[in-house]
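Single-structure report; data block below.
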Amino acid sequence: GSSGGSDSSASSSPSGEAEEITTLRLGYFPNLTHAPALVGVQQGTFKAALKELGITVTPTVFNAGPDAVTALFADSLDCSYIGPNPAVNAYVQSGGEAVRVVAGSTSAGAALVVRPEINDVEGMKGKSFATPQLGNTQDVAFRYWLKEQGVETTPEGGGDVSIKPQSNAEGLAAYASGEIDGAWVPEPWVSEYLAQGAKVLVDEKTLWPDGKFVTTHIICRTDFIAQHPDVVAAFLAGHVASLDSIAADPTAAKESFALALSALTGSSPKPEILDRAWEQLEFTADPLTGTLVKSAEDAVAVGLLEQAGIDAAGGLPGKLYDLKILNEVLQAAGKPAVSS
Amino acid sequence: MSASVLTPNVEKPAPVRSGAGWAPHMWAWIWPKALAILLVLAVWQLVYWSGWRPAYVFPSPIETLSQLGTMVQTERFWSAMGTTVIRAIGGFALALVIGTMIGILVARITPLRLAIGSLITGLQTMPSIAWFPLAILLFGLDEQAILFVVVLGAAPSIANGVISGIDNVPPAFTRLGRVLGAGPVAQYRDIVLPAALPTYVSGLTQGWAFAWRSLMAGELLVIIAEKPSLGAQLEFARQFSQAPTLLATMLVILILGMVVDGLFSSAARSLRRRRGLEVDSS
Amino acid sequence: MSAQALEVVADGTALQARGLRKVFGSGDDATVALDGVDLDIRAGEFVTVVGASGCGKSTLLNIFAGLDAPTSGTVWTATKPALMFQDATLLPWLTAQRNVELALKLRGVPRAQRAERARQLLDVVRLTGWEDKRPHELSGGMRQRVSLARCLAQDTSIVLMDEPLGALDAMTRDHLHDEIESVVQEQNLTVVFVTHNMREAVRLGDRVILMGSRPGRIVYETVIDLPHPRLMDSTGVAERAADLTTRLKAGKAYLEGADS
Amino acid sequence: MSASVLTPNVEKPAPVRSGAGWAPHMWAWIWPKALAILLVLAVWQLVYWSGWRPAYVFPSPIETLSQLGTMVQTERFWSAMGTTVIRAIGGFALALVIGTMIGILVARITPLRLAIGSLITGLQTMPSIAWFPLAILLFGLDEQAILFVVVLGAAPSIANGVISGIDNVPPAFTRLGRVLGAGPVAQYRDIVLPAALPTYVSGLTQGWAFAWRSLMAGELLVIIAEKPSLGAQLEFARQFSQAPTLLATMLVILILGMVVDGLFSSAARSLRRRRGLEVDSS
Amino acid sequence: MSAQALEVVADGTALQARGLRKVFGSGDDATVALDGVDLDIRAGEFVTVVGASGCGKSTLLNIFAGLDAPTSGTVWTATKPALMFQDATLLPWLTAQRNVELALKLRGVPRAQRAERARQLLDVVRLTGWEDKRPHELSGGMRQRVSLARCLAQDTSIVLMDEPLGALDAMTRDHLHDEIESVVQEQNLTVVFVTHNMREAVRLGDRVILMGSRPGRIVYETVIDLPHPRLMDSTGVAERAADLTTRLKAGKAYLEGADS
């Protein structure tokens, strides 16, 4: 444990270090990229895995990464499925203290989609493109890609190609009304754009070695890992079981996912969209450490992340990853270990 | 003869109030609303037919209404509405108590007013999401966190309503109170607050609107599967680009807002009538 | 308007009321404020109305002015009358001057002439020097005088006044009697003037109307044929006033609540 | 002698108003604010010292203020503030015009009131994000889309303020207008609107708060080239979990809100004073 | 309170004013409403005040009541006085009955007794049957009478009345003169009573004070030693009133604005 971490646990657990807990407070988002969480909860995988320890799961669904991070900081949450950005932010902002990545969840599933008449980067000049949010993975990837292609951009949307960060839904509406000419977005939005006649210009897979890059992973509170390694291990076993179940029966997994999603949000993507999007994603326990580090370096390169903050937190990957438990779990399941 | 150059100076007869005439009264109340709704729907449908935007971003009224029709048949919808309305009422009630108390204190105590009077408006302008971290820190992921956001949204508005109501009380009334020997408490209880009541009640719709909007944001703080809510429904309809659901949810919000407005404004009207501030025949 | 006013003068009737009845509220709670009021007022006539408190004088004037509709019966007037309310009803955001100017503005007097005319009228009610005060800076009597000036600014041939001098001292009152009389004469106004002061009624009126209470109705009327100029303290006025007071007292139910 | 059983019935001397005394006046205005600020900072610092939450979610006031200090030295901050304030003023001005006009029409025309009176409150309760799709469809990714969201947020509030102000005008004034021969326009221009003015002006702070909150949401609608804004800054601070920046931005919003409140309330006060609704000595 | 009131009676002075000066506004715009007013009122004395409109009578009563602070000078009173405002100032959300009850409530009368006492007082002012009306349903004179009833409900030994009967007809006025006189006698009240009716002043007052304008000051005062009961129309009252009227007219500047 770290000083910051034990401070916060001390305030919430007067009884001392290894506080008795009865439940694992697990966060995730109602997103396709968080499918292992939704499927796991829906199919009872986590419940089964934690049963032996006499611990239940309290699923907590967030709409936005920062709220999950605040909840982790505030001891209101133990672990969360989360995108690489909020994870890095939590790590950097807490000086490398508060959280650790304990496993991967999802890889790939992002692309640059454009109007059919655009065929290369030259055709993109003078046009506007959306990204989900300034400084998020896709935004960084897009800017870095443009930079490599020799196109100037600024965080404020200036330059040869204008980047207009906005939420995916607004981006789609803007595309429909001709306001933008494409977007660098994750699934299922890629599929949504395609359904509206766009085409894929760049599949982000092609930019990464092995075609893999981190889209979602799992973080836990540092002091929670220290105090309850057994709970984390059981939870990760459930996670791996969920991944297995997805791999074994994608159709059933998709159904579970759609059920869980509509229970949470009252909505779910159209089946044809879901089918296509699901294809593009890979669900894996490997956190793909290198890709996150590369992505962060890219963010620094395009001016969306400060190297000083990363250094102050102990660098990347630094202490961000704690994969010991995952590897034990994988080993017990007879699977290859992952590396950090 | 003489009447030829004279004009009757009251042309319309005095209103006859009889208990029998409920039906025409209802009709007079309903037709403008019906007409307005029809007009809006007609224009909407025309724009739709004009092919201005593709149907998946700009659905037709028929599609929207049928979506609404489907929605209201689900148990989920009613449970969402129940959750949200109960939260709204709870949060508003709490904000009402807190805001009214703060309003009275600030209006009454000059140093307090100088100290935090403007702060109230400052808080009022603070967007709800700014409070999320504090809400989570203080209350965890709980109903209370949502309530906190709602109260912080609505209480300043209500307090400002109280202050402005009190400020506009005619000094003649407070002077009367002093002559009658009212102490500070009695002065407020018996003179100032009743005098400020009509403005206060009309102002409550503003407080309600703040409470509701803060709630719509606050319900995204944490999403509970067993507890669907209108705020989450709105947000996800938007996130999933489901235009008909989004519009149907907006209609529900509009209708709820109108119902609440009806309650507040009829309360305000009956207050005014009792004071002779509203003239029936004129 | 002046053309129409002339026509009326030629014709002779400025205001006519038939079968006026006014009921406030309904059911058990109803108050019959007026019942069976018939009245004909000649153009140029000065009619004063006296009656107990609450007998329906203000209600009558409000109906004459077209502000309230009678429950039944009809009123015809030659022109839209001017009304001076029982309470001053000055607009608190306007100075005395502007309150008077507003009446001029609303009847279309060009901006240039308004200031001058308003100043003249305020001088008539002896408020020169107070033009720029707002209502809350004036005394009760001063407010009433601004209201009187505003009423005179309306320039219509029928003027209804509801206790216009009630809050004034005897001397200011005397002065305003003269002023009102001369304005009325000059412009040949038809006036209905409510007062509680019987001598004032006799001093000013061509005709005095006595009203009874519950329901409000006309119980007696008489033409005052005393020569002009009249004085409040002259014996002629005092005698007629005493006589009328006796008659009013004799008319039963002069105090509402007295019979309950 | 006799004075022994008598009590002076006015103890404090009448206020002496002299032109010389600016300094004590300023002081009386400042000290409650200074005290309030100090108190808040002190409590905040104490909670911080108590170690209630780690510094990275609950920074100390010193850290926040120093972050604010750094922030105000950047050109980017001033440009963000400029953009946002200009948008707010523009949107508010537009909402003022539209809201006031709608308010007057609705208060005046009974069928219109029955038709859309309640709708105004309905619109007021609609969260800004619900308008995003429509804003984009109508105006594209443009300043105008932001303006649209702001106007839809603030205009209903202003219209409701106008309606409630008009409703509470004493009938004596409108009757006076009728006696003076005011036509419908003059009745409003010369009687009803001036009479409703103090309530209206006090109500404008509510409209401002709506405008501002809608703007904070609307600025996320689209991040326009070369234009940093406070709304975006607030959101980024949140997205990047930068607690000190978030708090510093909240402070800026608070202060701006307080300044605006100061303007509106001093306007309202001077109106009341001119009408004798505010008594200096009492 | 009654103990304190007794003490005052023994001592003899209920109200004392020294060097009162009241200036409204400042600079060029200042109005000197009162200047150099000295006054001693014995406990149980009935003082009536007469003066031109705007001379400062209401200002004086407001200062006596402790509502406004004088610019300089001091006022001592034996008890907190009751004040009846020049305009009725009824609370529009309360019925006539409740308006009177409020005064009782604020001086701590137990709830059970309030209703009964308020009904009695409304009966004194002849408003039985109107208890449940709200102010806007009453006529101007009725409102004034509710206000009078409320003033009498205050049960203090000093009562200040600002033109309390100005909006009432002669008969109601006569009736209330008697009522006021008997209440004052019964409870040994000290009264300051402002009126524009000189006969009323003489009819009621133990002492009449005449005020002059600009600045408001006491120009004359006289003890009225006519025997009780007095009648408004008796020659004694009429003579004294005529004499005082002449004196008031003689005192210069009775009309503000007249000298400008």
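Each chain carries a letter (A, B, C, D and E) given by its place in the written order, and its residues are counted from 1.
Keep this in mind: a contact is a pair of C-beta atoms (placed from the backbone, for glycine too) under 8 Å apart; a residue touches a chain by one contact, two chains touch by 3 or more.
Here the structure is a predicted model, which is why all the values come from computation and not from measurement.
Q: If you tally the C-beta contacts for A-D and for B-E, which one comes out higher?
A: A-D
Q: What chain lies farthest away from chain C once each centre is taken as the mean of the Cα atoms?
A: A
Q: Could you work out how far the Cα centre of chain D sits from that of chain E, in whole Å?
A: The separation of the two C-alpha centroids amounts to 46 Å.
Q: Just the number, please: Cα centre separation of chain A and chain E in whole Å.
A: 82
Q: Could you grab the centroid distance between chain B and chain D? Build each centroid from C-alpha atoms only and quote it in angstrom.
A: Distance between chain centres, rounded to whole Å: 18 Å.
Q: Round to the nearest whole Å and give the separation of the Cα centres of chain C and chain E.
A: Those two chain centres are 27 Å apart.
Q: Can you pull out the residues of chain A that are in contact with at least two other chains?
A: 64, 66, 70, 73-74, 167, 169, 173, 177
Q: Going through chain E residue by residue, note those that touch at least 2 other chains and give them in order.
A: Residues 65-66, 80, 87, 137 of chain E touch two or more partner chains.
Q: Going by the contact rule already set, what residues in chain B reach two or more other chains?
A: Touching at least two other chains: 53, 57, 132-133, 137, 175, 235, 238, 276-277.
Q: Taking the touch rule as given, give the residues of chain C at its contact with chain D in the complex, in rising order.
A: My answer: residues 65-67, 80, 82-83, 85, 87, 89, 91-93, 102-103, 105-107, 134-137, 150, 154.
Q: Could you list, by residue number, the parts of chain D that touch chain C in their complex?
A: It comes out as residues 172-173, 175-182, 186, 190-191, 194-195, 197, 271, 274-277.
Q: Show which residues of chain D lie in contact with chain B when the two form their complex.
A: Residues 28-29, 31-33, 35-36, 53, 57-58, 111-130, 132-133, 137, 156-157, 160-161, 163-164, 167-168, 170-171, 174-175, 198-199, 202-203, 205-206, 208-210, 212-213, 216-217, 231, 234-235, 238, 243, 246, 249-250, 253-262, 264-265, 268-269, 272, 276-279, 282.
Q: Please give the residue numbers of chain A that touch chain B in the complex, ascending.
A: Against chain B, the touching part of chain A is residues 25, 30, 59-64, 66-67, 70-71, 73-74, 76-77, 167-169, 172-173, 176-177, 192, 196, 260, 263-269.
Q: Applying the document's contact rule, which stretches of chain A touch chain D when the two form their complex?
A: For chain A paired with chain D, touching residues are 4, 7-8, 11, 64-66, 69-70, 73-74, 85-86, 89-90, 93-95, 97-98, 128, 133-136, 154, 156-158, 162, 164-167, 169-170, 173-174, 177, 179-180.
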